[in-house]
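The same subunit A turns up in both complexes below, where it pairs with subunit B and then with subunit C.
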Partner chain A sequence: MSETGCRHYQSYVKEHSYDTFRVIDAYFAACVNKDAREKKAIHCNCFECGSYGIQMYACLHCIYFGCRGAHITSHLRAKKHNVALELSHGTLYCYACRDYIYDARSRDYALINRKLEAKDLQKSLGWQPWIPSAKETNLLLANARRRLVRPNQTIGLRGLLNLGSTCFMNCIVQALVHTPLLSDYFMSDRHDCGSKSSHKCLVCEVSRLFQEFYAGSRSPLSLHRLLHLIWNHAKHLAGYEQQDAHEFFIATLDLLHRHCVKAKSEHESKCNSGTGGSSSTAGGGNSTSSSSGSGGGGTATHCYGQCNCIIDQIFTGMLQSDVVCQACNGVSTTFDPFWDISLDLGETTSHGGVTPKTLIDCLERYTRAEHLGSAEKIKCSACKSYQESTKQFSLRTLPSVVSFHLKRFEHSALIDRKISSFIQFPVELDMTPFMSEKKNAYGDFRFSLYAVVNHLGTIDTGHYTAYVRHQKDTWVKCDDHIITMASLKQVLDSEGYLLFYHKNVLEYE
Partner chain B sequence: MQPLGSTTTTAATAAQVPMTAAAITSNFQELIKEPKGLDEAANYLYQTLVDDAVAGIFIETHHLRKTNNLTALDGVCEENAESTYRICEMPNLDIFGISTAKKPMDCTCPNCDRLVAAARFAPHLEKCMGMGRNSSRIASRRLATKEGTSASSSSSSTYLQSGNAGGTDDEDDVDWSSDKRKKKSTQNSRNNGSKKNNGKTF
Partner chain C sequence: MTVSDAVDQYTIMSGDRSKIKDLLCNRLTECGWRDEVRLLCRNILLDKTGNNSVTVEQLIAEVTPKARTLVPDAVKKELLMKIRTILAENEAENNSN
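Now for the complex of A and B:
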């Protein structure tokens, strides 16, 4: 049963409908557009004392604004009006009950207004607390035991057995399990598996893994079922041989993404007429492919960056590529989705930069304008001829998790080698300088390091280990089944092959 | 919102200066001109934001209490969690306080349902699924085994050997459960097992 305010509010709604609430909320609580903001700034002052202070209340029976406390209550008492709206958080107040009241339908309308506001200001939706349904409340009460995750406790940590050169998999699994948004998703049981045979579903297996990590067991975990599923679904990964952790990471994201899409479509076709499920299916976000859809290949469902699955929500960013014609200065811009950023480490050849020593150096090199010489002329749509041009990458949007792949393995016609040079990487990373639009007022592009995968050894043979952040300022080293404490210095002094950064300030849709 | 007339009379008592957006802006400019005013404005703004945030927390908590969710979300903490799960920091021990030495462990192969030494699971699975670098060779051999109506034990064992391209026979044996005694006793059924497996996957 959903919340219905109080009996006074119910009778108010019966008489006046929700219209007044919706308008007042839209204009004076949410401020859905410029007009509303102006109206609020000009008119929303206390009718009693003239103050423009915060926590104003609007009477829902007549046109009246009043400060919290005596001013609004004296109006409500005098006029025998019951319901007022608190304008800074959009909470309903009933004078007859002398209490704040909560009504589910009003909340739905308010949410629409908040979305309009966010859209108008081009900022993210404000954080909303989780409101458990009556069923969820009862479940929580019936299962009252809670396990807390603390920095000085092992909950959330688990060693992983090496199944025969499977350290590349163990490292990636450790990094994924310690991705806060991913663990939030799986620990809140959001994966609704469409397929009947859930033992064949890779996402279900990952979901089980998360449960295992938090189950409180001390013995190492064996990922044999995961390996079996991955080999079954990705034939190119199959086979007992040393593999590249980066390749495995991308392939795993791809598999999980495809499973999510499949599970979703199966689920939707199954309950086509029923209710639309949870809020996660809210219309696919703003996935309007703005201009030239560069990578037009593949069907809609298999083209990542277009879907709303948890993998895309967390890992997909958008790369912008600007090609500037040297003849007419015309710019042609394309966008490409990405799951990670691969960075060159070798000596710069063409345009005389220095060999990168830090992650920032690598990123500067990555986003530097590159002159495409006479051998690489590109057809300019304005000049209608082939011209020399410059090409520059920038980041249009960033995912919540940015992962960097330091290209330590160099394969060329002449030689295959590993570049073991030290690349300094920071704990806190601000990506603002590398964005396409640096002056987005509401953009916050600060990230924190949370996992580092290292490769020890040569290009032919070696071993992978990972450092993961257990809790803030608590790091552990994962070497297959051995989990030990690590200092931040150890993490930062390590060579670094894959670096995982998590966004500090999350944006909501 | 009908009773307009009655409200305007109430509103008339308030000191209502007709404001425009431009007036607000110029008021604001006036206010922040002198350092003292700017200071006051900044303090007021800060106080307002804190106040607003506190009110937000109050409302959220109030809502949780009203819906009985305050107790529901809190729940009861696990007993002895502090001592049971405390991270251990000792040489040669992992965070669980367990020796870092490798212990043999087994897992059940999801493909053939047999017990396999965990450390040899990947090479086992490669052969078991007929995959990897030699996949086509193994697969074709398997098909041949299947087609050759009498899936003789000899053909099964050739498949096993060839699947282990660079390895020796010995390595093959390690595949099966880390329990050595069991390994010997199941030596016979091993070939039968892989025969059965052939029938299952293809």
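Now for the complex of A and C:
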């Protein structure tokens, strides 16, 4: 495939420049704004038969639209015009070659138009094939040996040694290592640490861990360096006692996020603002749910704008809370970012003492409107008085990885206890009912289960294990240094403490 | 102007056309249709590699009918539903105005 088109296209560009292509593409193929869409809707029908056609072509030599096949080709033949643009995908066609042609510069212009269109319609950018950069091409050439990953291979699985009640850390590391987007990020070596003391950087350590997991060795790993780093940065987790896996998970995300931000700022100050810039386009891991769906909520976009480190790209969602004043029905809406959703399992107090039995029950309870009684009056921003109100949570945007924390450990003034009741959770989860904007016809909120962390034992002493999805339909149980095969039934029958779901369809920016 | 032309015009104008197209592309990729069609093209090219003269038109002519039958019914149904909802919403808006 030549990247410079054909000789006919080259001579066409020499004579007419790229201008016609850019305008036709912007108006009739990509439709970059409302004006373009109107123009297309009115003018872009076949000059031969008048229909809007399944697939239309525009002649790039004169003003002519025609359906694919006889209509456009007869025009090109009669007028001796060579170059036409196919409008549903924006591919160039050369009549003289009787073939589609590919030109790097035209493609660059087309990509700009696609981005404008996606922005104007607030939609995700279509899938683009990966084009390796010069650096990546050289790497591929220098490392000619490829590794074929077969369905029943164990590559990517490593046991983790227990360093003395560190199973809480082991199970979270297993879940993180098996997060597809995170492994895409680290396996493609995206973390560019600006820090001179990279041995102090947690992100570098995690990056190294991914290398270890996929190095091919099958002996268990020791996470002492990771543990040491976390002890240094999160003092409340230091010590040899058993810790809460959920607390560890959140602390780890927080540290990774802070180190990503630090590495980035150090990197930028080193590069003297400029060159580095937008290096994170294309490729598998580049998706945030922030660009899509959020129909211009000022607060929501503001918070996202702060950080787009890999942790925020994968794990941060936005919770919407609507407080409705019972006196004036004024609604005040606030947005809060979240990394996980903590769900209550105890009896409900208001709705006749129901205990949730499934994850869906928990989510329904979480997003139900809650009446704030006379004891919790809130000042209404509309009528400026303290009133009773109802409060309701909904999910404004969802992260690519949604993790649920089932609150099995109950700490109250009277009693500390573990709730061991069985909560049924699905493999495939559709989050649409819990979104703030259900009417968004194009949102896709389907998720798949990929990791489950379990706690065995009582509130005082216990042990953590994790089930992780190793490959499609292949589950393994990670119990410190022991890795065993597991069936989906075993996973779904387990108690479940932390549940990790991965988005099925990712949006591109 | 026929009904289908009116629908075409309306969906192009509102931007729904482009979104529906994206949705369709995503669904076809998800269900493996894209890979199947790619394989189909590959096999045709391999079969005829001897005379080395398969043009893109010939390839399209040969693949199109097969590719059409490969589109899962669920995808067609979902797209149809989506288009219906969009048109119904548009009608409701027009009536209320």
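Definition applied: the second predicted complex is superposed on the first by the 385 of 509 C-alpha atoms of A that agree within 3 Å, B and C clash if a C-alpha of one lies under 4 Å from a C-alpha of the other, contacts with A are read in each partner's own complex, and residues count from 1 in each chain.
Operating definition for what follows: contacts are C-beta pairs under 8 Å (C-beta built on N, C-alpha and C of every residue); 3 or more make two chains touch, one makes a residue touch a chain.
Being a predicted model, the structure only gives us computed values, none of them experimental.
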> Is A:Ser88 touching the first partner subunit B, the second partner subunit C, both, or neither of them?
Replying inline: both
>> Quick check for you: in the superposed arrangement, does A:Gln153 touch first (subunit B), second (subunit C), both or neither?
In response: first
> Does subunit B (first) or subunit C (second) touch A:Glu117, or do both, or does neither?
Replying inline: second
> Touching A:Ile54 in the superposition: subunit B (first), subunit C (second), both, neither?
Replying inline: first
>> Going by the contact rule set out at the top, does A:Glu38 touch subunit B (first), subunit C (second), both, or neither?
In response: both
> Can A:Tyr386 be said to touch subunit B (first), subunit C (second), both, or neither?
Replying inline: neither
> So, A:Phe409: does it touch subunit B (first), subunit C (second), both, or neither?
Replying inline: neither
> In the superposed arrangement, does A:Tyr100 touch subunit B (first), subunit C (second), both or neither?
Replying inline: both
> Among the partners subunit B and subunit C, which is in contact with a greater number of residues of subunit A?
Replying inline: B
>> Quick one: is A:Tyr240 in contact with subunit B, with subunit C, with both, or with neither? Answer first, second, both or neither.
In response: first
> What residues on subunit A does subunit C touch that subunit B touches too?
Replying inline: 38, 41-42, 45, 50, 88, 100
>> Quick check on the complex: what are the subunit A residues that touch subunit B?
In response: 3, 20, 38, 41-42, 45-50, 53-55, 61-64, 75, 79, 86, 88-89, 91, 100, 102, 129, 131-132, 137, 140-141, 143-148, 150, 152-155, 157, 159, 161-166, 216, 218-220, 222, 224-225, 227-228, 231-232, 235, 238-241, 476, 481-485
> Considering the complex alone, what residue numbers of subunit B touch subunit A?
Replying inline: 1-4, 6-8, 10-11, 13-16, 19-21, 24, 48, 51-52, 55-56, 59-60, 62-64, 66-69, 71-78, 81-82, 84-87, 89, 94-98, 100, 102, 105, 107-111, 116, 118-126, 129, 131-133, 135
> Considering the complex alone, what residue numbers of subunit A touch subunit C?
Replying inline: 31, 37-38, 40-42, 44-45, 50-52, 88, 98-100, 117, 120-121, 123-124, 126-127, 441-442, 444, 504-505
> In the complex of these two chains, what residues of subunit C are touching subunit A?
Replying inline: 4-5, 8-10, 12-15, 18-19, 21-23, 25-26, 29-30, 55-57, 82, 85-86
